[in-house]
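Structures incoming, each one as structure tokens.
Both complexes below contain chain A, partnered by chain B and then by chain C.
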Partner chain A sequence: MTNTLIENNFRTNRLPHIWCSGCGHGIIMRAITKAVDELGYNKDDVCVVSGIGCSSRAPGYMDFNTFHTLHGRALAYATGVKMAKPELKVIVVTGDGDCAAIGGNHLIHSARRNIDITTIVFNNNIYGMTGGQYSPTTPTGDKGTTAPFGNIDKNFDLCKLVQGAGATYVARSTAYHVNMITQQVKTGLENKGFSFIEAVSICPTYYGRKNKKGDAVSMMNYLKTNAVNVKAADKLPKEKIQGKFLIGEFYKSQEPEYTEEYQKIIDSFQKER
Partner chain B sequence: MTAEKTKRLKINKEWCKGCYICVEFCPANVLEIKDGKINIKNIDACIECSQCELRCPDYAIYLGGKKNEK
Partner chain C sequence: MKNKKIKLMQGNEACVEGALAAGMKFFAGYPITPSTEIAEISSLRLPRIGGKFIQMEDEIAGMAAVIGGSLAGLKSMTATSGPGFSLKQENLGYAVLAEVPCVVVNVQRGGPSTGLPTMPAQGDIMQAKWGTHGDHPVIALSPSSVRETFDLTVKAFNYAEKYRMPVILLTDEVIGHMREKIEIPDPDEIEIIDRLKPEKGLDEYKPYEIKEGQVAPEMAAYGEGYRFHVTGLIHDETGFPSNDSKVAGDLVNRLMKKIDDNIDDLTLYEEYKLDDADIAVISYGITARSAKSAVDMARAEGLKVGLFRPMIIWPFPEKQIAQLGKRVKNIITAEMNLGQYVLEVERVANKYTNITKCGKANGELITPDEILAKIKEVQ
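Up next, the complex of A and B:
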């Protein structure tokens, strides 16, 4: 018993999903699927690729072509899919550990190539699946099972990282700002190039518990009150954005896309023959 | 006619994990958790805004019926 969005786009026989009570991942997965649904793509023209992690379980539930691969390697597999079938709409679903720790190299080079893949990172600031180890996005000072006295590493701003590496669409939203996720995924999918959407998620089970952030509701309220839209941020006094984080669209440009450039080389040789 | 038949709010207790997100963000105080699962405590107050559906991580609450099914 469910509604049409879920009925038409999910493998409902696999639901309910494995995620914990109050995990933000389910909210983000629905928002992504809604974007694809609203764009009216044929489901067979969409391929969702993931690595390993709680977040990377998402494609198992989504009723498109789906590909659950190796930890950190989703973008490498997705690059293969896109090179073989450039007509497909390729979506990568990943976690902060999956894409920024073990998969960090694939992330920056996919961005540099501006290959037409839309990547959505479910950033819950922790390794959820393996029990709460700190990740490259765990804020400095926060705790994880591998940082019991507080993390001494500086955390990545994933959007800045990927923008610096060459992505042509970069945006951030949160599990609270659901419609913004859908809007950004739609823009990302329509952008011919590497699109990166950071969807800030919540992991009440590990990140929340380790850092005394309260239950899922408190963590959602935290996202609600601490996210500042980049459009408003410029007009606000510095004190008002102190300790908060930015959401919205950070970067958009049009640049040569990797599979198209590759095709041009093939075409140039075929003309010679 | 009972109220249930005129409002389109539907729940699926089997998928609900009792996280309280919909209870918190319902602007009309329609919902509660009963025995660990979602329960509609006051259907008459429902304004069909679909905030619960938007935010439920488990797709266990939604507006059904003909219009605006998504």
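Up next, the complex of A and C:
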């Protein structure tokens, strides 16, 4: 049986991908592509921009306008693309190190502008491409190759960060909750503004091994049993959500979108003539 | 008679006028002295012609957005000064490797570090050439007047489009802020070059394929129907990454050949009173104006001195400097740094003639008297 989603939306001659066996990134990449496919967008109108890291290799496999930029800078490059051609559907694919450490400034300012870019962070809690160093989302106490005695940094809650900075759609799902990723990316793409979806991934090769999390199946089971939907969380007693994490839609609002506001300035001069 | 557009204008303003004349439709940048007027005037002018301006969150983002804007089809520019130029270097290298046309203006100020924000310098000459990592081609221009800032900004865009690479315009605090009378040429007097674009409806578009007779690959924009891939990794002609050493070697060599094979197109200089000269002063940018005065003062005293003034400083005008070295007994290189361009002059002309440097890095212009003193010293 041929898989039409893959046939129609991937550069099949570039496959198989480079990710390790058990990595959650392929699942997330497919879920994003499924969202674009289900929305029926013309592939020529979709531009996928990434930075550097494991996640950022995804655009190379996806059959859209694709742009593999520098470490941390995907959102800044994407802002240039979106400003120049607001009619493009711009998607940024990034990782926890890429968007929360070296690219943190671009992340908060893209959110603040509410520019119409849908950002999906593949959060595997580690720098995978460079071999397992701790990242801004590595939980406090966990290990990485540069945190051999346990991470003493506090880890970021990226959704709270980005919501605080002004994003108009903020959601989280996991590589286990794959249909939820697709649904959230669809909502994000249809939101006229800055949309942020944290897709919690798994890295059995580095994060899992360093922290004795077991194999890929055990790590997937962890996502399944520890993710609590935000809709259910309110009704649950505190002890039931202790040590777990929330998924679902955290925030949605309508605010003026950056490129539309700029277009109004341009239009005001057209009227003047 | 045509109504001539004569204006009193600052160098930074002339830079924006030149950029608009060349077709700039997108500016992304970050405020920094002494380049800020370029951003301010761009923000005022661009929306009136349907163009776009954005003030990014930092210098790095300004450069990144410009590359994104260019790949989406708009002629794009950013402007900065010393510290910001340092921050832009990684992205500058991306534009070289991914072959993305754009213009980067560096209104030089005293350094290192925060240095002398409101004072001029020519201390970023070698940084312009070697600031980003790896072997790479560089085109950098340096104007000596407000009018020339206009002309060379147009040229910077043209070279960027023709060779598909970033082009650096190196001015300085004095050129940027000084006001001079300039006559803006009519649009039909200005040569404009646009990037080569692939034909529409091709079965296959290879974004890095060089066809017979082309100096740079044809460049589609995002959203035009060719779903191509762009990366800062070494790539083959399809645009996809490769670890093959032959692909890597061929690509880097091809990038360098854009300059090497077109060196005559990328050589631009002025010779002043050099015909019978025994002493040549080599100088560029604002310092060349002091040098020209010094030449006149020396001539008035009967000394045979002339000026060689490169307007394109990178690529280095090797052939011309070597010939100059053979013609004169002494070369004085005058520049507002402690000896940068002179290193290249020495590399090329040391075997033919005596080379003396005349430089300082204290935020003050080099005066004609200082250059004249050097002329008398070597004479």
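We adopt the following convention: the second predicted complex is superposed on the first by the 271 of 273 C-alpha atoms of A that agree within 3 Å, B and C clash if a C-alpha of one lies under 4 Å from a C-alpha of the other, contacts with A are read in each partner's own complex, and residues count from 1 in each chain.
The rule we apply is simple: a contact is a pair of C-beta atoms (placed from the backbone, for glycine too) under 8 Å apart; a residue touches a chain by one contact, two chains touch by 3 or more.
Given the structure is predicted, the values throughout are model-derived calculations rather than measurements.
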Superposition on chain A - do chain B and chain C clash or fit: fit
Which superposed partner A:Lys160 touches (first chain B, second chain C, both, neither): neither
Partner chain(s) touched by A:Ile265 [first = chain B, second = chain C, both, neither]: second
First, second, both or neither for A:Thr66, with chain B first and chain C second: second
First, second, both or neither for A:Lys244, with chain B first and chain C second: neither
Touched partner set for A:Asp44, first chain B, second chain C, both or neither: second
Chain B versus chain C as contact partner of A:Leu15, first or second or both or neither: first
Contacts of A:Lys231 with chain B and chain C, given as first, second, both or neither: neither
Shortest CA-CA distance between chain B and chain C [superposed frame, angstrom]: 20
Residues of chain A that lie at the interface with chain B and also at the interface with chain C: none
Chain B partner contacts - residues on chain A that touch it in the complex: 1-6, 10, 15-17, 19-27, 30, 34, 37, 176, 178-179, 215-217, 220-221
Residue numbers on chain C that touch chain A, as the complex places them: 25-26, 28, 47-48, 50, 52, 54, 56-58, 60-61, 64-74, 76, 90-91, 94, 221-225, 227-233, 240-241
Footprint of chain A on chain B - complex, ascending: 10, 12, 14-15, 17-21, 24-25, 53-60, 62-64, 69-70
List of chain A residues in touch with chain C within their complex: 14, 43-45, 47, 49, 59-60, 63-70, 73, 76-85, 87-88, 105-106, 108-109, 262, 265-266, 269
